[in-house]
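Letters A, B, C, D and E mark the chains in the order given here, with residues in each chain numbered from 1 onward.
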Amino acid sequence: MISINDLSYSFDPQRKYSVLSELSMKVKHGEFVSVIGPSGCGKSTLFKIIAGLSEPTNGDIIWQEASSTATTRLGNIAYMPQQDLLLPWRTVLDNCLLPWEVTQNRSKAETISMIREMLERFGLAEVEQAYPNELSGGMRQRIAFLRTLVTGAELMLLDEPFGALDAITKREMHKWLTGLWDGLAKTVLFITHDLEEAILLSDRIYLMSGSQSKAPMQEFIVDLPRPRHSAMNYDPRFLKLREDLERRLYDTHTS
Amino acid sequence: MISINDLSYSFDPQRKYSVLSELSMKVKHGEFVSVIGPSGCGKSTLFKIIAGLSEPTNGDIIWQEASSTATTRLGNIAYMPQQDLLLPWRTVLDNCLLPWEVTQNRSKAETISMIREMLERFGLAEVEQAYPNELSGGMRQRIAFLRTLVTGAELMLLDEPFGALDAITKREMHKWLTGLWDGLAKTVLFITHDLEEAILLSDRIYLMSGSQSKAPMQEFIVDLPRPRHSAMNYDPRFLKLREDLERRLYDTHTS
Amino acid sequence: MILTPLKRYLRDYGLALLLLLFLLVCWETVVRLKWIPSFILPAPTSIWNALVENRRLLFGQHLPATLQEVIMGFILSVVLGSLLGTGMHLSRRLEKALYPFIIISQTIPLIALSPIFIFWFGYSLAGKVAVVFLTAFFPVVVGSFDGLRKGGEGYRELLLTMGANRWHLLTKIQIPLALPSFFSGLKLSIVYCVIGATIGEWLGGSKGLGYFSRRMAGNLQSDEMFAAVFLLSALGLVLFLILVLLEKILFMKRGSSNS
Amino acid sequence: MILTPLKRYLRDYGLALLLLLFLLVCWETVVRLKWIPSFILPAPTSIWNALVENRRLLFGQHLPATLQEVIMGFILSVVLGSLLGTGMHLSRRLEKALYPFIIISQTIPLIALSPIFIFWFGYSLAGKVAVVFLTAFFPVVVGSFDGLRKGGEGYRELLLTMGANRWHLLTKIQIPLALPSFFSGLKLSIVYCVIGATIGEWLGGSKGLGYFSRRMAGNLQSDEMFAAVFLLSALGLVLFLILVLLEKILFMKRGSSNS
Amino acid sequence: SAGKSKQPLQKLTLMLDWYPNAVHSLFYAAESQGFFAEEGLDVEIRMPADGNDGLKLVAANQIDLALSYQPQVLMARAEQIPVQSIAAIVRHPLNHLLIPAEGAVQRPKDLMGKSIGYSSIPLYEAMVKTMIKNDGGDPQSANLIDVGFDLIPAISTDKVDAIMGGFINHEALILAKEGHPVTSIHPTDYGVPDYYELVLVASEQGLKNNNTYLKKFMTAITKGQQYVQEHPDEALSILLKHEDATSPLDKDIEQQSLQILLPLMDAGDQTFGYQDPESWENVHQWLIENQLLHTDVKTEEAFINL
């Protein structure tokens, strides 16, 4: 689906200090891959680059079997930003309609009924006509997630989509997301700080180190059988994996 | 410290639909109390009321041994909102100086050196002169947290202060916060979705149900010895508590 | 229940009315006591009398003429002004190329240009509308241009990832963000339209409140002149209030930004 | 390295310069071919000649006089205008009480009031500054008033929990949020100051570019008149550019809002 | 050449009818030749913003003297503006009907169905109508357009067929110079009474309080006018030099203008500035006929020969 080779990125034009340096990773079609790493290590920046919002300073991104530039990717990859970025002057429904307004890839009625269905599923049916400032943080986040789904793109970049949700609501969303992912041919790249979430959902997890000296990306394979469900939390294999992952994370952070 | 009796609140002036209804809770001086509950159940609304930003529709808040109105509390309780609300036109340092500018309760030099020290501690020394839009989500959150500390108020309301932090950074912050809380006579009221975090830090946990029919607030006592540390995660008592809490939460949600 | 809105109005406008009354009384007194000669500043009562006496001429003939110029000039200002502002926002080159000319158009005293206007437009309505446009389009340009510049970087990027083109960005993000600033421009503009119409009528013509006021000035009939000036002010006020109302309706429907 | 900024300037202003040159050539041609009589619109070259011939008078006497009025009027407009805007923002009553008067002050044709001005201010500098103020303060009021109204509800609440009073809210949140809108007002205002000075000089006086242009207009000495008008425009342009620069410097230092 | 005087000079303010030009030479001559100083006067000369500013400001005692037009004084009095004319400076109309020299229009009657530009003053409208009517035409069929300040552009670009409000010593000369020669039709030939184009006015109050100074002023400007008559070239260069300091005048135009003006300012046997009661009465009658006076005016109160 997408493969990133030796990517570097620097915000400052003199390129003295790089946020990302010589980073490589690969996501196969239909895979669910999580990215975890310390705060400020460049996860969101990486997503922005993949989405095509910034051109990397160095390196190559192979997308749809060819070397690609930011412009070719921009608009073809669904991106859920870390801040919800709901338009404050639009109701929930109109916010969700935004991707459709841009792409017009379906009939409007169809899109609305699809959105209504999802709102129902996410427990947000009642707030369809509310404005974002009348919503709680978690509600906003779910709507931003919903909006990302409406784009219908095959590759989805989700930047901490469930960070502001309580355990139970989050579980609902996980169920829904895995269902979606199983049913449709979606590829998901997922940033999270919740290790259990990462293990529960992912095929593979990338650990970003955030420091220049160490290997910038480490791969961690989650070899749990699918379908998975949240009760697995207390499964010893799951706990083992979690402990492993935590150690790996801790190692990259300190040593 | 503060005790809330039969508090109700409704956004809509006809008071048809209440967000909070007949809710009671109590926080003692020097306690660390967490509030957990499903997304949209009214946690942030409760905090806003306690902070004095909204007047409850019904009920009484006893503060400093007397029945109080919103105006008496406003300005005397530190509040960290769920969105970071950093002023985009101010550097990190200037954002942190904001509470001082309002209260002027110390010398400026003293405040700055205190902020610098905390920035260092939080791994943010380098971004002192950066603007908020140049920071990652987790960095912004830490700065909003720091800014809340600068107010110096005795009672602190923290609305998901570490929600956007990775496990390791979060652990650092926990260490720091418990240290602060042990050393100084601070009282903390804490919203989180991370059950482990709640157990690790709290003396007591309130579970908010979010539905009108059930008891709106349930108390959950965390009888783990202090000092606590993050390695406790795998301690069987800890795991037991967590499982308990999760069940309680699940029960209030479904039954 | 019936009293509440009345009370609110009284609270809001009570001070305004009191101030107005107080000023009118002062004014009347000052003139009556001959501290200011009435031929320089006539008393409010004389102005009112002149207004009533000339009501048919004023309301029947001159007010409609001026109103027409104002409305046409305003529409032109809004349309061309926002097009200019948007164009300048979209192209840095256009901005650099046009801004100087726009500013020049504002610093040239219209009276100096009046012969050119007469040369081009004669004494037609078009000439007057052109003068109104020249007096009133600048705030619309600045309002829309400055409004469109307003950040919204995050929203922009989000839309780009959805495959938005320039047009989408403009209509979905930038225009909604620009609206408050645009409305500031409109409010200034409508007020300037009134003065623009007055100037336009001075440059030549045979009707309109500006024409009437000048004619009465030439005839040394201050009462009548001030009656026309009063109507001009009232016109400006009413048009301004209509815009404010429109603004309120528009922004009431919108959820307000939280930050 | 040295070429880059030059190139940038050429890219940005190249079109403007070309357009200017093109227009000048057209203009010159049209006049030379007598499609427009030169006493209505003189050729650029004649204007330039008139400018050079009268340079001592224009630069030595009239320009400084006008500049002084403009600067003083602008300062007054900014100070009083922003005070009015802020006051109206802070008190709904004050808003309702003052807005009508402010609008009326904008719709009254100043020329019609010339005797009153002379009656009150005589031929002093004060009278001219008052006219400049009257022409130019309105955009400042609207800019600051509309700017201060801008949301920022979240920030406001945050500051309130820190114990902020009204003054803190105003200085720490509302003024920073209002700055872009305020600057839109200032940019309009400075341009109107120039035209205000011209009007002020018409109402009475014996120097300044407005005075000079009027005198020359009466005499149909169009070359000289347009030379003065040219200087007025140049003045407006320069002052406007200074403000734009100031705005840029101010907002460059500020991190821009993300949403 | 200032006159020696022990007493401090009395300040007087004079507001012109328009910007300084040849017609005002007498004032500048009186000043530069020291005639004012000899009379113990210090005269400050002002320009108006608008045609009637002078009348109003004199009446309000903001200034001492103003130049205005004879009919305007009567109209002012009808509006309870207490001004009085104290001298006739230009004794005949300068304001003629101007028509393109070689056009279809040759006489007022030809203006039926045509458009005529006039400069904002209803008085001029009345003059045109009187002329058309007197010439046997129907004044209602003429289309009168207020062209404000822009008389010259209006006629030179053929937007109107004639203008009223242009002076023979100014607009007519400029039009000729710019290649648009015009014929001037004297209003008195077509039923408009011969009137004083320019009169000097003071307020009733001023006449009471400052009578002696006003007389002295008259003495000084009489000398000034005499000087202008005897030394027109010098007088003109005094004016031009004065004006060069702020806004230079066109020398040719002013020279021709002065030549036209001098005979029209000459009072003949009478002293300079003398006003004939009959002239005032004629103008009064004509104004009444044309409904330009809204209240009754006593002619004898409108002027005074000092």
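By definition in this document, contacts are C-beta pairs under 8 Å (C-beta built on N, C-alpha and C of every residue); 3 or more make two chains touch, one makes a residue touch a chain.
Because the structure is predicted, anything quoted here is derived from the model rather than measured.
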Handout entry: Least hop count linking chain A to chain B through chains in contact
Key = 1
Problem - Busiest interface, counted in C-beta pairs - result: C-D
Handout entry: Farthest chain (mean CA position) relative to chain A
Key = E
Completion exercise
Taking each chain's mean CA coordinate, chain A and chain E are separated, in whole Å, by 86
Problem - Mean-CA-position distance for chain E and chain D (Å) - result: 37
Completion exercise
Taking each chain's mean CA coordinate, chain C and chain D are separated, in whole Å, by 17
Completion exercise
Distance between the CA centroids of chain B and chain E (whole Å) is 85
Exercise for the section: Hunt down the residues of chain C that sit against at least two other chains at once, touch-wise. Expected result: 36, 40, 111, 115, 119, 153-155, 202, 214, 217, 256-259
Handout entry: Set of chain B residues in contact with two or more other chains
Key = 83, 85, 133-134
Problem - Multi-partner residues of chain E (each touching 2 or more other chains) - result: 50, 56, 60, 149, 152-153, 157
Practice task
State the interface residues of chain D toward chain B in the complex, per the touch definition above.
Solution key: 154-155, 157-164, 168, 172-173, 176, 254-258
Problem - Touch list for chain C against partner chain E, complex - result: 36-40, 111, 114-115, 118-119, 122-123, 202-206, 211, 214-215, 217-222
Problem - For the chain A and chain C complex, residues of the former touching the latter - result: 48, 51-53, 74-79, 81, 83, 85, 87-91, 98-99, 101-103, 131-134, 151
Fill in the blank from the handout: Within the complex, chain D is touched by chain E residues 18-19, 46-50, 53, 56-57, 60, 62, 149, 152-153, 156-157, 174, 178, 245-250, 253
Completion exercise
chain B contacts chain A in the complex at 11, 36-40, 42-45, 82-83, 123, 134-139, 142, 160, 163-170, 193-195, 234, 243, 246, 249-250, 253
